[in-house]
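To keep things simple, chains are lettered A, B, C and D as they appear, and every chain counts its residues starting from 1.
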Amino acid sequence: MSVTFCGLSLAHRVINGSGTFDAVAARTVFGEQLERSFPFAAYVSKTITLRARPGNPPPRLWEAPGGLINSIGLPNKGLAGYLSEDLPRLSGFVAAEPARPDDPKASAAARERALRVPLVTNVMGSTADEFCTLVDACDSHEQIDAIELNVSCPNVSTGLDIGADPTALGQMIARVRPRTQKPLIVKLTPNTADAASCAAAAQAAGADAVSLINTLRAMALAPARANGRPSPWLGGGTGGLSGPAVRTVALAQVCAVAERVEVPVVGMGGVETASHARDMLDAGATLVAVGTASFRDPQAAARIARELA
Amino acid sequence: MSFTPFARRLLTVAANEPLGAYRLLRVNDAGGPEPQAGQFAMLAAAQRWGGGDDERPYLPRAFSIARRREDESHFLLEDVGPGTRRLCELSAGEELWSLGPLGRGFAPPRDGRRAILVGGGAGIAPLAILQDSLSQQASVLVGFRDADRVPGAGLLRDAAIATDDGSAGYHGRVTELLSEELANDPHAEVYACGPAAMLEGVRAMCARADVPGQLALEAPMACGFGACYGCAVERRGGGYLRVCVDGPVLEAGELAAVDAYAGAPA
Amino acid sequence: MSVTFCGLSLAHRVINGSGTFDAVAARTVFGEQLERSFPFAAYVSKTITLRARPGNPPPRLWEAPGGLINSIGLPNKGLAGYLSEDLPRLSGFVAAEPARPDDPKASAAARERALRVPLVTNVMGSTADEFCTLVDACDSHEQIDAIELNVSCPNVSTGLDIGADPTALGQMIARVRPRTQKPLIVKLTPNTADAASCAAAAQAAGADAVSLINTLRAMALAPARANGRPSPWLGGGTGGLSGPAVRTVALAQVCAVAERVEVPVVGMGGVETASHARDMLDAGATLVAVGTASFRDPQAAARIARELA
Amino acid sequence: MSFTPFARRLLTVAANEPLGAYRLLRVNDAGGPEPQAGQFAMLAAAQRWGGGDDERPYLPRAFSIARRREDESHFLLEDVGPGTRRLCELSAGEELWSLGPLGRGFAPPRDGRRAILVGGGAGIAPLAILQDSLSQQASVLVGFRDADRVPGAGLLRDAAIATDDGSAGYHGRVTELLSEELANDPHAEVYACGPAAMLEGVRAMCARADVPGQLALEAPMACGFGACYGCAVERRGGGYLRVCVDGPVLEAGELAAVDAYAGAPA
């Protein structure tokens, strides 16, 4: 029951959301267990930018009803650091095809075939040129199987996210598309009037898949007002909401997008159980990504994959 | 170094006892992994985690492993919000999820230095297991807000006590006791855990006295295993450290200053 | 401590969200208690349309983590029915100015001054002409103190909400503005890339105030799949998410809008406690509206007003 | 007609007893308002309402008032999801919020007709208080899925019992018992509450036999007092009724058909 996604062979339908699982750190914490039974069928890196970023000042987290606001600020080692330090440590992971207990014909071996975990590198540029440089680098590194474009980056002229405007989005993707044969996944922003039009623009410009939702723009004020003046809790001012609180919003957007485009859709947002994942698949997604739920339970994705089988 | 089990474990509460204003949560953990002193676990009640103030908690919460007995792990809890409240109300037989032990714990004292353990409030928790694990006799200095919290010191042997309001022990800050100790004999290594202001005091004092310090920090955490990048504290010289994987025990010298969010409940 | 909002005198800062409190039904259920101590400082009617609407087929509700999706479908008697049947039953409500227990100088009488509850009529048209007709009718009925324009209505040419597009929104409001002197409140949609630009367009076209957030577009699938085929749970297909789940999203939008416009802002979305209300006020709102929280506790608004005092 | 108190009341659980597969929740309610038979209350646990499956419940839940005793109100609960589960686990001394009594209850039989009470599953609850309030002897017909649920009939006197699986009483549907009763003597008025399919059966039967029927409906509710318009059921001749204010008891003739969502848990 392995799955094909953009020409890649996956052990099952559950992958991680970018920025919600650091396989390098997890390898240090959990050791070889992680390599032998990687919970995700593909591994999506956190967002890599051209230059290194320290991330936002703390606090970076706020717990919301049924969810989490984060204002992490895309800390990363920059493209060069990622390629030289992280990439070599991101191979050798295998994901077990989940056993289907009710299928007596499948031998245990066949049911538990271990599959290499493809690597998706998520990148964000602040200009189309930066996106090109990032994609070129990913293209030339064999170990990278697919590229996810994080388009929740402000458009310098309008201040809005590039991904929120179908025209700007299409133009950017059209610039990048000719530079690689590798699958291009466009990670849409949900902070838009019309995710389906953005997805259609991405598809028209050559995207091989779209993924959604990214986090909803959100904010919290500090509970104790320093000097009596209200101030944002998060070091970054505003942040992004994820987790169960956004699940029904995500499902609506995934459904609208899947109805509009032909390319495969990676559905995410608040998925915590197999039943939530099944909703995403029923709404038209090909793969499901798990983000915030992994924080509560690092085996959440593996559990979901098993229950979906 | 041994690795953390790659799955939450469902454990049963053996007892949940008041310890002054704190609770001592004793969890059945026979056969569970052995923590290093200073490591922590991410805990969440198995039932009804959620539905408290502001429809929280949602994420698990980090707690220092305070003691490890053959059959049990012990945690010291202070009720400061919906997550700790839910854990404080668990009774024997109820279940909780535990992921851990996590993080980098305390290292033994360097160069034959004597250990000084400095704790503030619920921050005394990791010092208890540290005292159990040290081969030498250590000085133990603990500070509390008031006498209601002093019973927490029962986790430690031979502790000198300070209270902010003078209702028990020395009237003043525990850092004043530390300052005396260091003046008497600076060939020491300081192990500290407590509120941010206390940790910052200890950090600055170690820097001035040129004494090595190991600070067990706290930070808002979502995951505890390096996944979310939420638990950042500023590193001396720029950039950030993740408290959950680079710490929670960090060298005093690695830190620029202890951020207001990076300490235990006062 | 009574409050002035668009020239109206209000007993406190807490009003209801449109469509979340039916004063006519509540009068029947709760009797005179409701008139004597109306929980809201102003009463906002549910959305009135030109022609009567039955509303959407059931089911109309789905409980989400920390919230609620509704797909009510704006049932209402139509303008004529509203004016003839409901309007006469919407007067006589008084709201007590909440006592401020820590103010020894204020006499009990002064502290508990009862104020008439101004009536805001919320209207939605499917064209600018319809909006004009609705506003004209409200203008000519003395009992109506202010008009709220629900602009979460699909634009016939783009299919998107009029309220999601600053240009379309400004044009519609400019048509309506000259027809009345009564305060015009524009109820913004949150399903947009940029609520602040929409608010700015509303202000530029003459709005006296803006209110936000309306519900976030959301969806649920039926848990038991009829004939194994996935189908939406809600009779209306998709619905709108409200309640605590949206609170941090609402706060971010209220803050962004209040920073951009001069006109007063009515902040709403997931407000359940005085502390949530204070966050809205600190973020720049002049009034706070309570919606979903009234379903859990019909006195929620009164409690919040008391605790804010 | 008396009005509903315009505030939730915080009540204390007197007892929570199993009644076969159901729970009988007894709530201290001395001095509380007197309900009409067929009215309901919106209930929510005061603590930890939330944190169950899918981070629910959030909204209060509607329950028929099953019995009113001098000091207590009684509710019959069936655990079908996170809201009922939380209420089912409340124990004596714990608190819950109650808004009510709400809705329009049953009216007395017309034209000297005899009353036939038809209940299915947890839908028997309002029939108990109805039987208490009727001046005449009524026929009581109740159907359950299986014998595990039959103890629920203990709320009623002299009830004829049917089970779907034949594990107790008549093997078949309670509507078959009703059909016999009506054949024997059609000068009757039918009072029914139960699963949607049962109610629809009763409705159609009343229409065919030209017998008045009062159906106590259920619907997903957010508020219970007419505020949300969420509890719509289709009215015969077009448009919708709100179950919470137009019902829950509706004339069979007012309804087009009983929608699949408008009945009690089967």
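Convention: contacts are C-beta pairs under 8 Å (C-beta built on N, C-alpha and C of every residue); 3 or more make two chains touch, one makes a residue touch a chain.
Bear in mind the structure is a predicted one, so any value in this text is a computation, not a measurement.
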C-D or A-D, whichever has more C-beta pairs in contact: C-D
Centre-of-Cα separation between chain D and chain B, whole angstrom: 53
Centroid spacing, where centroids are CA-atom means, of chain C and chain D in whole angstrom: 34
Chain A and chain C: spacing of chain centres that average the CA atoms, whole Å: 35
Chain centre separation in whole Å, for chain D relative to chain A (CA means): 47
Residue numbers of chain D (touch at least two other chains): 50, 54-55, 58
Numbers and ranges of chain A residues touching at least 2 other chains: 62, 64-67, 244
Category of the chain touch graph - line, ring, star, complete, other: complete
Complex contact set, residues of chain D against chain A: 54-55
Chain C contact footprint on chain D (complex, rising order): 3-8, 44, 50, 54-60, 97, 99, 102, 219-223, 225-234, 238-240, 242, 245, 259, 261-262
Touch list for chain B against partner chain D, complex: 47-52, 55, 58, 86
Touching residues (chain side chain C, partner chain A) in the complex: 62, 64-67, 69, 160-161, 164-165, 191-194, 216-221, 223, 225, 230, 238, 241, 244-249, 251-253, 255, 270, 275, 279, 282-283
Contact footprint of chain B on chain C as seen in their complex: 66, 244, 273
